[in-house]
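Everything on this sheet refers to the single structure shown next.
First chain written, first letter: the chains are A, B and C, and each begins at residue 1.
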Amino acid sequence: MGNVAEMRVIVGDSESDGEVVQRTEEMRILEALLFAAEEPLDEKTLAARLPDGTDVRGLLTQLQQEYASRGVNVVRVAGKWTLRTACDLAWLLTRESTVPRKLSRAAIETLAIVAYHQPVTRAEIEEIRGVTTSKGTLDVLLETGWVRLRGRRKAPGRPVTYGTAEAFLSHFGLEALTDLPGLDELKGAGLIEGTLPAEFSVPVPSDDPALRDDEDPLEPGDLDLGLVPPAERIEE
Amino acid sequence: MNAEELSFETELGQAAVGETALVVDVEGFEGPLDLLLTLARQQKVDLAKISILALADQFLAFIEAARALRLELAADYLVMAAWLAYLKSRLLLPEQPTPEGLSAEDMANALAQRLRRLEAIRQVAEQLLNRPQLGREVFQRGQPEPIAEIKRPQWTATLYDLLSAYASRRQNEARSHVSMPKRSVWSLAEAREAIERLVGRSFDWSPLDQYLLEYLVEPSQRPTVLASSFAATLELVREGRLEVHQHKAFAPLFVRARAEVPPELPQGGGSDALNG
Amino acid sequence: MGNVAEMRVIVGDSESDGEVVQRTEEMRILEALLFAAEEPLDEKTLAARLPDGTDVRGLLTQLQQEYASRGVNVVRVAGKWTLRTACDLAWLLTRESTVPRKLSRAAIETLAIVAYHQPVTRAEIEEIRGVTTSKGTLDVLLETGWVRLRGRRKAPGRPVTYGTAEAFLSHFGLEALTDLPGLDELKGAGLIEGTLPAEFSVPVPSDDPALRDDEDPLEPGDLDLGLVPPAERIEE
């Protein structure tokens, strides 16, 4: 009895060798029914199309095994049977398209502060902006690929430090971060006007990937947190 | 030609939904060519060997019969009848060259060719319809899994956006920081708690400044610490828990915890401290 | 006998280890794509989802052989690939609800003339059938999606030319127009050529979407007449 069962399994496998297989007509019928059906089918419906006394469940299990390694699987949903694309191939069924979107004002400000003041922590960004920065804003910037997590500041709370990535330079057409205009140039361009406190300065930015003395490397979990793009959470 | 033959293929003339039926023939023929083809089949010979003359006779007889029955015939049939009558006369007469150069034989052959072509197209149409058709004999996937479109935002910003955002933010920040930094003040309660803790049970005269030094973290805090601790000291003296004295104005202030029996005061009056 | 059985079991095991026997991940991908698709897919579309340099045609042929004995077959229609239930299982799957509307004899003849003589004008159809063709007949065929307006013949009156659409091949399970039944016999008997003026030597029938020398493109208004739904205007 055990031999018979084994034989059957073998028969199924031998098909993958390209050999002609002795599959029962019932299997073909099940296959065709499941394929053409507009909704999952229950065993009773399937049995109605098969000779009386057919072990529908047994055949379905066999079919399931046969398809297990294929691009399409026989699956059971809510007690009914259907064919579905293998889970690991779900990516085939998606098509990505890009939609141009403008960054929010908050995101642009934050990006600029990261660019000029890197490595910079969220608290430092908030101090410059004078408002709290939502997690969404930083997530969007991480998603753009322009901002990256650098490390952690050696300070109470060990806050994450942010910096710009290479994609930042290429997007904004900068050869190096030092091409960002300094205070005089900003004034010259009319972007900064009027009197400013004497101590006001614009830092000379650097995106040197080497960690600073006050930075620790990131921990394994940090990147996961940073790289998971939030689904469409955009700060307006 | 009789009425039975007239009803030939009646059932084939049914028009499908949405199709306006042409009044081509009350008996269901698909036009004169169809009728000719039907008559030709009755000759039971290969279409290649068909006698056009005989066919013309049959057709004309059919038309006569229909007329006798007062059946309304579409113009197509009458045109064909006229043409066949002409062809018949040509075929029966000795052949003479015509201005068009088309002999009666050519005309007959052309008609035979048309009949063959119609028959051929009918045969292939049948073959086509006998093929397994989608949704009739063969089926496609009943539950196709549609491709989901994932719209990825492609973020855009210009360098100008970036710089102007930065500049205006920094400018705003600089202006808002012109306001005085918030002064840190040592409250009376804090001072009192500190003095109580510091002087504690020390019954020796100690200069107040000495205690306070512990707190003078940075010079900017000195005035507030001094002011608050002095006020707190006086309050503790009034409560009889501390004693304080000073040799002279602006001299260091000495403080000690007050015992049950007030011990002797050091040299020099101390009450002027209360006026300081 | 025992040895043979053992051998086979081993083959079976290796497959379950993910060491797929003679079946590559590419096969799974092809399988999944064909199963999931609503419409036949061309080799270019399939190749786009496979590693560069994959022999798509070779894999498809392999897949076709694999499925040949199954209840579902890999078939080629209109030069594209799709899965269809096996022809011999028609009895099992026929459902009254899906039986296509029966075409009139006039419509069937007209369809055949369009298929075998395309591009063809209404006058030419009438010449072959020996009877005027009602507008309804052509409308019914346009509605099925099997027949389409191609263009306008460069001839007096500039009549519209008709041809078959891809759906025609797909519906009748034809790989290409050259697979039309009896086509060779018809050609051999000289029953196809000769409907066109002799100066047009391009073979008939042809459903090449490119207009022929004797065809002009349709004008904007033509498509409305032909019941073709106006192209949906998609936002974004």
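Everything that follows uses one rule, which is that a residue touches a chain if its C-beta (ideal position, glycine included) is under 8 Å from a C-beta of that chain, and two chains touch if they have at least 3 such contacts.
This structure is a prediction, so every number in the text was calculated from the model and none was measured.
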**Fill in**
Ranking chains by how close their C-alpha centroid sits to the total C-alpha centroid puts first chain B
**Prompt:** Farthest from subunit C in C-alpha centre terms, which chain would that be?
**Reply:** A
**Request:** With chain centres taken as the means of their Cα atoms, state the distance from subunit A to subunit B in Å.
**Result:** 18
**Prompt:** Hey, how far is the Cα centre of subunit A from the one of subunit C, in Å?
**Reply:** 38
**Asked** What is the distance in Å between the mean C-alpha positions of subunit B and subunit C?
**Response** 30
**Message:** Can you list every residue of subunit A that touches 2 or more other chains, as numbers and ranges?
**Reply:** 32, 35-36, 83, 85, 93, 99
**Asked** In subunit B, which residues are in touch with two or more of the other chains?
**Response** 139-141, 145-147
**Item:** Touching residues (chain side subunit C, partner subunit B) in the complex
**Value:** 35-38, 82-87, 90, 93-94, 98-109, 111-113, 115-116, 128-132, 134-137, 139-140, 143, 170-174, 180-183, 185-186, 189, 191
**Request:** Could you pull out which subunit B residues touch subunit A in their complex?
**Result:** 139-143, 145-159, 161-174, 176-178
**Complete:** Per the touch rule above, subunit A residues touching subunit C in the complex are 3, 6-7, 9-10, 12-18, 20-21, 23, 27-33, 35-36, 49, 69-72, 83, 85-86, 89, 92-93, 99
**Prompt:** Contact residues on subunit B for subunit C in the complex?
**Reply:** 12-22, 24, 30-34, 36, 76, 80, 113-114, 116-118, 120-125, 127-129, 131-141, 144-147
